[in-house]
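Each in structure tokens, the structures are laid out below.
In the two complexes below, subunit A is the common chain; its partner is subunit B in one and subunit C in the other.
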Partner chain A sequence: MTESDLRPRIEQIVSRISRIDASEFHDDVLIREELGIDSLMAMEILATCEKEFDLQLDEAEFSCVETVGEFFQLLEARYAEQRIAG
Partner chain B sequence: MRGKTTVSRAADFEFASHDSISDAVLASLADWGSRPALSVVSPDRPVQLISADDLRTGVYDVERLLRSWGVRQSVPVALFLENSADFVILLLALARIGAVVIPGKLDWRRMELAELFENADPQLVISEESHVEAVSPFLTGRAVAVRRAQGIALVQEPGKLPGEAEFPDNVASINYTYRGLGYPLGAMVTHRQYLHGARVLQDGLQAEAGEQMLYSIPMTHIFTLVGCILVPLLYGLTGVIARTIHPRLLFQAIHDLNIQHLTAVPEIYSLLLRAHGESPPPPSLRTFVSGGSVLSGELFARLGEHFGVEVLHGYGLTEFTPVSRNARGASQAGTVGPMCDGIDCRIDSADHAESGEIMIRSRFLSPGYYRRETETRAAWDGQFFRTGDMGRFSVSSDGFAERHLMFDGERKATRKVNGVMVDLEEVRLALTRFPHVRDASVRFETGALVAEVAPDASGVTPDLPATLRQFLKKQIASYKIPRIINLRE
Partner chain C sequence: MRILLVSPRGEFLCRSEGFAEFMQNSREMRTILHFWNGIGVALPTIAALTPEGHAVEIIDENQEAVDFDGRYDLVGVTAMTQQAVRAYAIADAFRARGVHVAIGGIHATVMPEEAARHADTVFVGEAENSWPQFVTDLAHGVAKPVYNQADFPPVDLDRTPVPRFDLLAKYRYPVIYVQASRGCPHDCEFCVASNVYGRRYKFRSVERVVDDIREAKKHWKFAQIGFADDNLFASRRYSRSLVEAFSAMRFSWFGVCDISVAEDEVFLEALHESGCRTLLVGFETTCEENLRQLDKNQWKLRQFSKYPEYVERIQSWGIGVYGSFILGLDEDDHETPQQIIDFINRNNLMGAQITILTPFPGSRLRDRLVAEGRVIHDQWNWYTVWNAVIHHKNFSPEELESKLLEIYQGVYNPVSNARRSEYFGRVCRQLVNRRASDDERRAESTGA
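Let's turn to the complex of A and B:
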């Protein structure tokens, strides 16, 4: 799987957990304020993405993420690092 | 005529010898041995272990420090601290002095904080250094201490020496809660209530000294204070403070630290269940202690089946915790267990078989809401406290006293979001503070807060919901911000 394949898979996960249609996931949308993703949902998204893509995501790093675009960038970066390391 | 089903357990309870949580805990720690009293699990550092001796020493040292700042009996002291060993040490040190602790929620913002500071008027505020900015509008004229990596330090001297306030006998803390009135109420909680609560929870848990209890729910909640701080410290368990709710880190801690008991809200258990997958359950686990919000019969069954644990769900209030709880070996799905010892309970219903308001009576019940006489009179109906919650007793052949209480939702205008109480009227008032909002209503629907907002003509813009959320973020805790905001005429 390439980084470009990643985004639709992440969108599916976030949409399933948050029950928000993926069409709302624009890069500049605020994850907490606009999508209403709370800390429990965020943890479930992190845990599911870790399992799905065989990654380890840093909670502190995620807490600095504000927008949907930043979240995708974080996951894509971790995924790329994992592939290089692996 | 209305019927009242009463279940009495008051006659069965004899009170413990200690009258203060600090005396009881320090006596327990004296016989502890070499096992850690506390462990702290953080995402970004190794596990921190605190021995019983170090905890005792910490309490005495901090007590001396607080006294040197002028803290004495009946002085209200607000804590705005993360889950930490320092929180526990401060709680016990303040209890030794006889000061009154106000556990402040770190999520709270302008509206809630304004009520807390006006109502309780804490003379000393002890805050995480990173949180000072949030409370700064309310610190004028108060002593302020901050918690840093190096310890706790006084950073602002009081305008005058801390003054004593008037409290009923034996009050340990003021814990803020809601009754749907639009503002928080400070329930005065006595040392005896804490000790009683810890004892009846331990009666149900039947934990053994040397076992470990892990928790990640905020220490400011009464359920955490009683069930996660006091139960372990009084009954010889190591309390494991998890500063994360990340499932991977929680499972790792359960495995590495050989955890027997986990205490959490149903929403966290649900998250753990979904995240665990098909891996074998951690073999050390024995019980999941649950409270804070409704645990469905289905989740109860799935947790037991998947993790091989007994799930002990219960019911309690800030004014009195726990009211009822399931006990090991006898827990039942879909109930909050039989009444705890020391409590009379009435169901105020039209028919004995029907659901009605849960009313409780106990000599350990909160003596009332601090500086809120009208609200106190409205909630205390004679000797009974009107919980504002609905419930009924299960039909059982085991005898009347062993009937289980079934929770049927709130009668008051509050709802639980991820185990945390939200006052719908407070959220509505916060929305109406926005300059272009004429009116608003707030409801709880399929697990989320939904607001209907009527803006004035100049306020109708496509991005109003997003603007409102940004506004609310400064007014109220983020978990109270409605997930859906609909605009109406």
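Let's turn to the complex of A and C:
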């Protein structure tokens, strides 16, 4: 799987946990203030992505993320790193 | 007629400067305030109950200023106790301009004579039956000074129309409140609910609640739904069908309930699946003697020893428990603040609302504290539950306020925040693993 295949799968996870339609995930949308994703939902999203893509994610890193686009970038970057390391 | 409904500006804060500073500087407190925001469902409901042929507007003064020179024939104001002073100022200003003013809500219900000094018409209790009658009476010039629910047939929540959320769509709320049930058979000393809504539970049918949520989601796509119910899971059969209906929808929500929800793991799983992310639970105190005095039927006391296990169980389903605690109960002493902090931190509660015991008018608590000479004043704008308006045998009012701040600081500080975050990280990983193995097991058993 490439990084570009990743996005629809992450969208599906975020949509299932946040119960928001994936069509709303535009890059500039604010995760907390606009989508209303709170910290517990965010942690469940991270834990699910970890399991699904076999990643190590750091909650502290996520706390710096503000928009949907930044979130996808973070996951894609971790995924790429992991593949290089693995 | 042109009708304006107003929710007066409310006070959240404590008069202590230290508290204000803490609120400013704590990211967690700012997040709490972000979500602890919105408007009750009373005014959109009243708007929906208004007979046809009248134009209705709603103003939430926390969001927008009232135009006192606007041309209105009738202004309806709502108020919980801490909003009453502002509500009266609004009422006085419109009456001075010759507008008919009606006032209703929890404060007017328990203080009708006081409210009548500022309004032409006072509503006592629920208004589903009385408001339409009043609007018609007013249009015919025969409005009465008081409309009391007790003079009308009992309110049937199923006959209440979908709230007019469209009138609030101009505001960006993070949470929209809806109501599924009303009434409470318990009799907690500090609470006014049963005086206002009665002791018997009544329910809105699941289909109507779903309609309300659909309407809310039309206007606020991403808002969480908050339930205004005092105990959302009073009837487990009703809550099961509610939750089943929510599972097929797309929204996340929170509600208030008692800790016994933890007894049913199947229900907890269904709750999570239905989008429930937070449950607000009234623990009230960490002291058994206080609990004994609080609730006449001792229900909470009997649950006391199970609190830690039950919190763990609820949170293990990815549902955060947000606990509420009261400081200033009779048996509280200088150990209490630390005990509350320890309880919250040790049990990894997702969050907590700690308030100072407040003798709201209409409560049994007020009658007792007045008789004991312990109520300091009736300046309702300080009845925010974060200011001390009582004398306590072990704390001065200033101490109660500074101890309250100490508790918040003990709960929301970098060390506890990091520990909580680590705990929830673990909980979520376990939840995800458990789900994955459940899915595998299910796949195996269906031979897939």
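In the analysis below, the second predicted complex is superposed on the first by the 86 of 86 C-alpha atoms of A that agree within 3 Å, B and C clash if a C-alpha of one lies under 4 Å from a C-alpha of the other, contacts with A are read in each partner's own complex, and residues count from 1 in each chain.
In this section, a contact is a pair of C-beta atoms (placed from the backbone, for glycine too) under 8 Å apart; a residue touches a chain by one contact, two chains touch by 3 or more.
The shown structure was predicted, so the numbers you read here are calculated from the model rather than taken from an experiment.
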| item | value |
| --- | --- |
| Contacts of A:Ser39 with subunit B and subunit C, given as first, second, both or neither | both |
| Subunit B versus subunit C as contact partner of A:Asp21, first or second or both or neither | second |
| First (subunit B), second (subunit C), both or neither touched by A:Ala47 | both |
| Contacts of A:Glu59 with subunit B and subunit C, given as first, second, both or neither | both |
| Common interface positions of subunit A, toward subunit B and toward subunit C | 32-34, 36, 38-40, 43-44, 46-48, 50-51, 59 |
| Subunit B-facing residues of subunit A, complex | 30, 32-34, 36, 38-40, 43-44, 46-48, 50-51, 56, 58-60 |
| Residues of subunit A that touch subunit C when the two form their complex | 18-21, 24, 32-36, 38-41, 43-44, 46-48, 50-51, 59 |
| Contacting residues of subunit C [partner subunit A, same complex] | 31, 34-35, 174, 221-224, 249-252, 275, 277-278, 318, 320, 350, 421-422, 424-425, 427-429, 431-433, 436 |
| Subunit A-facing residues of subunit B, complex | 43-44, 244-249, 267-268, 271, 274-275, 277, 417-418, 448, 466, 469-470, 473, 478-479, 481-484 |
